[in-house]
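Look at the two complexes coming up: subunit A is in both, with subunit B in one and subunit C in the other.
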Partner chain A sequence: MKSRISLLLFIMMAFLAITACSSDENSEGKAKDEKKEITIAIDQNFVTLDPHNAGDTVSIFGTRAMYEGLVGFDQNMEVIPVLAEDYEVSEDALEYTFKLREGVTFHDGEPFNAEAVQANFDRIMDEDQDLRAKRNFQYVDKMEVLGDYEVKFTLNQPFSAMLNKFAMVPFISPKAIKEDKDLGLNPVGTGPFQFNKWNQGDSLVVDKYADYWGEDATNVEKVVYKPVPENGSRAAMLKTGEADFVYPVPQQNVKDFENNDDVVIEKTPSTIARYVSINTFKEPFNDVKVRKAMNMAVNKEAYIDVVKNGYASILDSTMSSETQYYSKQEPYTFDVEEAKKLMKEAGYADGFEAEIWGNSSSETIQGMEFIKQQLAQIDIDVSIKSMEEGTLSDEIYTPETPEDAKVQMWYVSWSPSSGDADGATRSLFSSEYFPPNGANTAYFNNSDVDKWINAANETSVKEEQADIYSNIQSTVYDEAPWIFLATDTILSGHTKNLDGVYVLPDGSVSIKNATLK
Partner chain B sequence: MSDVQTEIMPEGAVSMKEGKLSNFWKDFRKKKPALISFYFIILLFIITLIGPYIVPYDPAAPDYNKVLESPSLQHLFGTDSFGRDILSRLAVGARISLTVSISAVLLGALVGTFLGLISGFFGKWVDRAIMRVCDVLFAFPDLILAIGIVAILGPGLKNVVIAVAFFSIPSFARIVRSATLETKEMLFVEATRSIGASNKRMIWKHIFPETVPTIIVYFTMKVGTAILAAASLSFLGLGAEPSSPDWGAMLSNSRDYIDSSFHLVFFPGLIIFLTVLAFNLLGDGLRDVLDPKTKD
Partner chain C sequence: MWQYIVKRVIGLIPLILVVSFVIFMFIHLIPGDPARLIAGKEATIEEVQEIRVSLGLDKPIIEQYFVYLKDLLTGDLGYSIQSGAPVSELIGERIMPTLGLTFISIIWALVVGILIGVVSAVFRNKWPDHLGMVVAVSGISLPNFWVGLVLIQLFSVQLGWLPTGGADDWKSYLMPSFALGAGIMAMIARFMRSSLMETMKQDYIRTGRAKGLGGNAIVFGHALKNSLIPVVTIAGLQFGFLLGGSVVVETVFSFPGLGRLLIDSIQFRDYPVVQAEILLFSLQFILVNLLVDIVYSFLNPKIRYQ
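On to the complex of A and B.
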């Protein structure tokens, strides 16, 4: 009886709350069904909508809804032709010739042709603009227009991942470039969706582009991206149907949703590698025995169960299994006795004190706590220092020399956004990429690996590249500059009647084929 | 003359104090909520002292085979995401939470009382200077001020104590100042002044004892606020190290599980709630009994 009354009260309150909302919202709710509109909840804010300057995953996939490149990625991160009908790579891997697709128009009506490619290339290479996309073209020497619909790029040295890099460079309408409006706020591309409005921090709205060149793969008229950083709120939005697609779904909620018939949870293997980088420059971490002991002292299965709620797999190389030229290594077995023996051999039988750094997200803190507990087994007394992302990145990337670096261990993840082996290797393990130049925060320094990384670029033979990267991976894995933890499983969720929205292995959301049933 | 007085006064004071104390206890016993709160706080103090020796499990020992277990006979409050016993963690964490909040308020009360006494007694520009500074500090919301201080000093429990103490100072200063102003005008203070007692003696021997009941009441209530503030700072990751069993840190670490494993947030939340409530009710009760204005 009592519970019935409280239920009644609850319903009344909920009803009041709903009616209390403005009538405006009500009509919007109705319109949502009729007008084929979907809402996508994500965990971070868009930083910019300038496709040549987007560096973070969220901004990259936000711009990908409206923009396209010569080539792109399919669902498995394989490179496919998009605005180029076809492409050719010369024998010496220095010349890339693209045959452009005809009949493509930008959202402002401008035609897409060689001239448009030239205008974009000029913008990217412009030193004054200092755009992020320039890094993709760091080996490009020049670009030539061969015809109205044919262009050629010439490299100054071979670069194995060049095609992946082309996929990271979308094209902006030449008219928009000329008008010189703030392109970060006024995107004009060729994609299946065109820009409607962006309320920073609240939502990004895109509409279907009627004159899209490709096949009509979507029946959705309007897509609203909503950044919702709080895990609980995002999960609630999926539960109540306020959002049609949610990424990431908090691991803790997955079991709940699996019993929910209105929601489908998708698990995608990712290119996200999770690890603790160990500063190999500093004592006692400069001893490979210590680093191996640390790897052996961490129970990866337990890590995945406890921290990842089971949604991850063991990181058995320096990169995830979804990355190009991945080669599986034998993971360090969890063996505390063996680890203690190694510590003794290294002269640290009584252990030592150490510090682990990480950002302030609750999952990172939990991960660091786990590492602390595990390393305590071999008497390494770890203290946890969790810092806000900006402070952390300052602390890590400011020191000019390895001697100045204070970082000992860093709990972090890495995902090569173009899915290529170079992106998952060069800036992590090449000695030229110590901070502040790159992300080699382990200060890993191995002349063989340095040599191989460059050698891999100089050949265009796939088998040779595969061999070289396999060498790199086995050498680095054996040197243990990281505590190798896990490869994330991407968890996304959508309502039953939505199809075709998916997350790529690099963590970007694709809406190209969004279909409402 | 003054010799005689100093000889008589202590004896009289002692007997008066005894009478006061038993009177106080008689009145206080009638305030049931305050009495219950008082016992609860005593219990907390006992746990703080002997907690680490009587808890059933090591509060830091993980058990990966028993993560997120619901409350059961083995684990009365369940286990957390690392399989650690929540009851044990709460018991050991009581020491952290109470030490931090009480030492912070104590520090704030010491400085605040001193400033309040000086300000009320000397008046004029001393008073104005101290009170204006207090006004400025009052303009900031407590927690924002604390976050600012911790942001400058860096995270850690020691700095949380400093931050909480810092925002307690102006309220103590103001409350003690008003009590001082009142007492200063009383006849016995006038009398001491007229027999030539020094300022120091007047403040510490005559005015300060009169402000003590006010301070005690306010102290008790402020401890509740301080527990909440310390927990909030730990929740924001500015206080205790995440692996320590601090109540606020426990709450913060388990907030992702609020949907799936309710007990993870429920018990730390409950204990914080009860403790803060107890200190506030005790403060209310003490005020009713001690404050001369409400008493008669």
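On to the complex of A and C.
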């Protein structure tokens, strides 16, 4: 008898619960629109909201909703003035003078002026704080206040990516800095949105800032960011309308959404370059003919179809087309016969055995299997070694010298942290940046390239910088220290009635123009 | 009884010391360098070294352990390497949702599991038994992340009744606790069934029948309580594993609990957070076992502790 009663009760409760939910959901959906609120589902948690200490992409774009720098990036990652009205770079590329915008206030009412810039600069350069933003100012010698609305930064050596680095440094209210509240939890900036609340691991909520200095580009009152790591769950949120914007949309779901009238899928080229680095220090990879043969043996179109589900484009330089000073090269054509000929000329007509390393994600493993199968065509017998990310990083960065390095091929990707050519070149191809000092895992060593990487910094003339980087790209591409594979396509999705939220090529989500129709 | 409990609790202290040592060594010996992960890919060796020093990771590992132990004994769990926030704060924010989730899971699993087990035993080899066991075997065999994804597809995408994730209100707890508890419910149902069937063969049950007691009075008045011991054992053990399961389920349902914090921290080699979490999980395992021992003596007064 007891069992029957409890069973009955259970069924009744379940029924009540289900009916209660369905009616709630509808009213919630309507209420959400009236309030002009949007939800953005992303794949990772925010780590910190301190804009001077954010290192991961998600924390960086989370803080960018509330913070601004002297300059910033537009939708194509070109540097544009933001809190500076105008800027000037001296001819020797050592002095950067910024004229600050007047009438800008922080979310706590404090004015933005030269004093505020000084307070931020002091915080960043404070050794005790050990903030990540300090790296952006590694070449900055000093900062001077020239007037209430004018500041000058002096560098100790020229640096071609300096403006991009300024774009990575947002400004915190000097009052908040002084009060020394935990800035990782209490953001106060000048951006179009201000902090509402952050439930760590669950959601970040920002509200529109009524006194924003700039153009009123959004009609959204409230934005909720929700980290949803599981691909299937994130895609489901776009289907159910729980999320208005989802990034990244899993590749396998794109086709599904393309038949859905309520959802729009956006494809943005990224700054992410995908490649296999080849250890040019080791035999037989020290022979450029072998490396060229490897490039010619891999069918990049097939790679994109098989591994990237078609959502990528061929990597036709040492950097993605979205990176500063990119210059297109002629890709290696897929030609197995020609590749075999090169192998024969190099003395490896019968091929050789080799090892490829990569992390343990399923896409990487699939990619490595593809490379293995392609290189088998020229009798290179590849064995795959897939490792968890931290272990892999140890294997790569522990050897102190090129002689000790065990890596032969590494299936990996690279995206410069601020979209600049220096970041896409120096630590990958300069001989000063062999591991453990940098990421030159091809152990690429070319004195011309070394010289050019430094020369690009010594001029402030953009055309000259472009020329130098173009030389670097053509020389490196020709030396084939990598198997050049693809540039990722960023996949994001939004509901039909949302506009103006977009993903930049570096993978950061911008909400400042968010508009609900 | 009370003496026994106090003794057991005191016995926890050396156990925690051993556990903390094992956890510390394991975590520090797995490859991967948090300093490099913090510094980022464009960092030079000097920058990485600087971070290593500031985190105290350049010291010998034994020395690091004693620093950790000293802090631990004074109740200081340290600061997260990744975010710089106090570990106690990070765990404090996540512990309630996870505890809520595991409790709801274990409670519905116990209620439904015992119910199915009893019905199956009473209607042995008839259709309710077969149905119950089909449910039980499915619960054990289906991986919880898969159950989770199917639930989302059905109740969120198709029917639109429940949110896909989060921990905003009670509705967000329904699917994750179902996915999390399904395996244990099944396990409990099977143990309940076999244990009850075993009990029903005992002499005192036959005596009960002989003196004319009805079916319900026999099952609920005499047999059930005596059959609960193996069920309590298995429920206690499984409760410990629930936290492990919550790592997967919390990821599927983007649930802001300890499981997801653990995944994120391990990937980043956030030593202080991982250490604190695993220590917490171990502690909870030990406490649940203590609780199980205590429940035994209530179920069977013959079991006495000294």
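One rule holds for everything that comes next: the second predicted complex is superposed on the first by the 486 of 517 C-alpha atoms of A that agree within 3 Å, B and C clash if a C-alpha of one lies under 4 Å from a C-alpha of the other, contacts with A are read in each partner's own complex, and residues count from 1 in each chain.
Everything that follows uses one rule, which is that a residue touches a chain if its C-beta (ideal position, glycine included) is under 8 Å from a C-beta of that chain, and two chains touch if they have at least 3 such contacts.
Since the model is a prediction, treat every value here as computed from it, not as a measurement.
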item	value
Subunit A as common anchor, with subunit B and subunit C clashing or fitting	fit
Which superposed partner A:D305 touches (first subunit B, second subunit C, both, neither)	first
Which of subunit B and subunit C A:N359 touches, first, second, both or neither	neither
Touched partner set for A:T218, first subunit B, second subunit C, both or neither	neither
First (subunit B), second (subunit C), both or neither touched by A:K372	first
Partner chain in contact with A:I384 - subunit B first, subunit C second, else both or neither	first
Partner chain(s) touched by A:V228 [first = subunit B, second = subunit C, both, neither]	second
A:T39 touches, of subunit B and subunit C: first, second, both or neither?	neither
Subunit A residues touched by each partner, larger count belonging to subunit B or subunit C	C
Partner chain(s) touched by A:N253 [first = subunit B, second = subunit C, both, neither]	first
Partner chain(s) touched by A:T425 [first = subunit B, second = subunit C, both, neither]	neither
Lowest inter-chain C-alpha distance for subunit C and subunit B in the superposed arrangement, angstrom	6
Doubly contacted residues of subunit A, that is, touched by subunit B and again by subunit C	232
Residues of subunit A that touch subunit B when the two form their complex	231-232, 235, 250, 252-253, 255-256, 299, 302, 305-306, 360, 362-363, 365-366, 368-370, 372-373, 383-384, 386
Complex contact set, residues of subunit A against subunit C	1-3, 6-7, 10, 17-18, 21-22, 24-25, 45, 47-48, 50, 53, 55, 130, 132, 135, 182, 184-185, 199-203, 226-230, 232-234, 236-237, 239-240, 242, 388-391, 393-395, 397, 414, 416-417, 423, 427, 433, 436-439
Touching residues (chain side subunit B, partner subunit A) in the complex	62, 64, 67, 81-83, 237, 241-243, 252-253, 255-261
Contact footprint of subunit A on subunit C as seen in their complex	30-33, 36-38, 40-45, 47-48, 51, 54, 82-85, 90, 93-94, 111-112, 115, 118-119, 149, 152-153, 156-157, 159-167, 171, 174, 216, 220, 251-254, 256-257, 260-261, 263-264, 267, 269
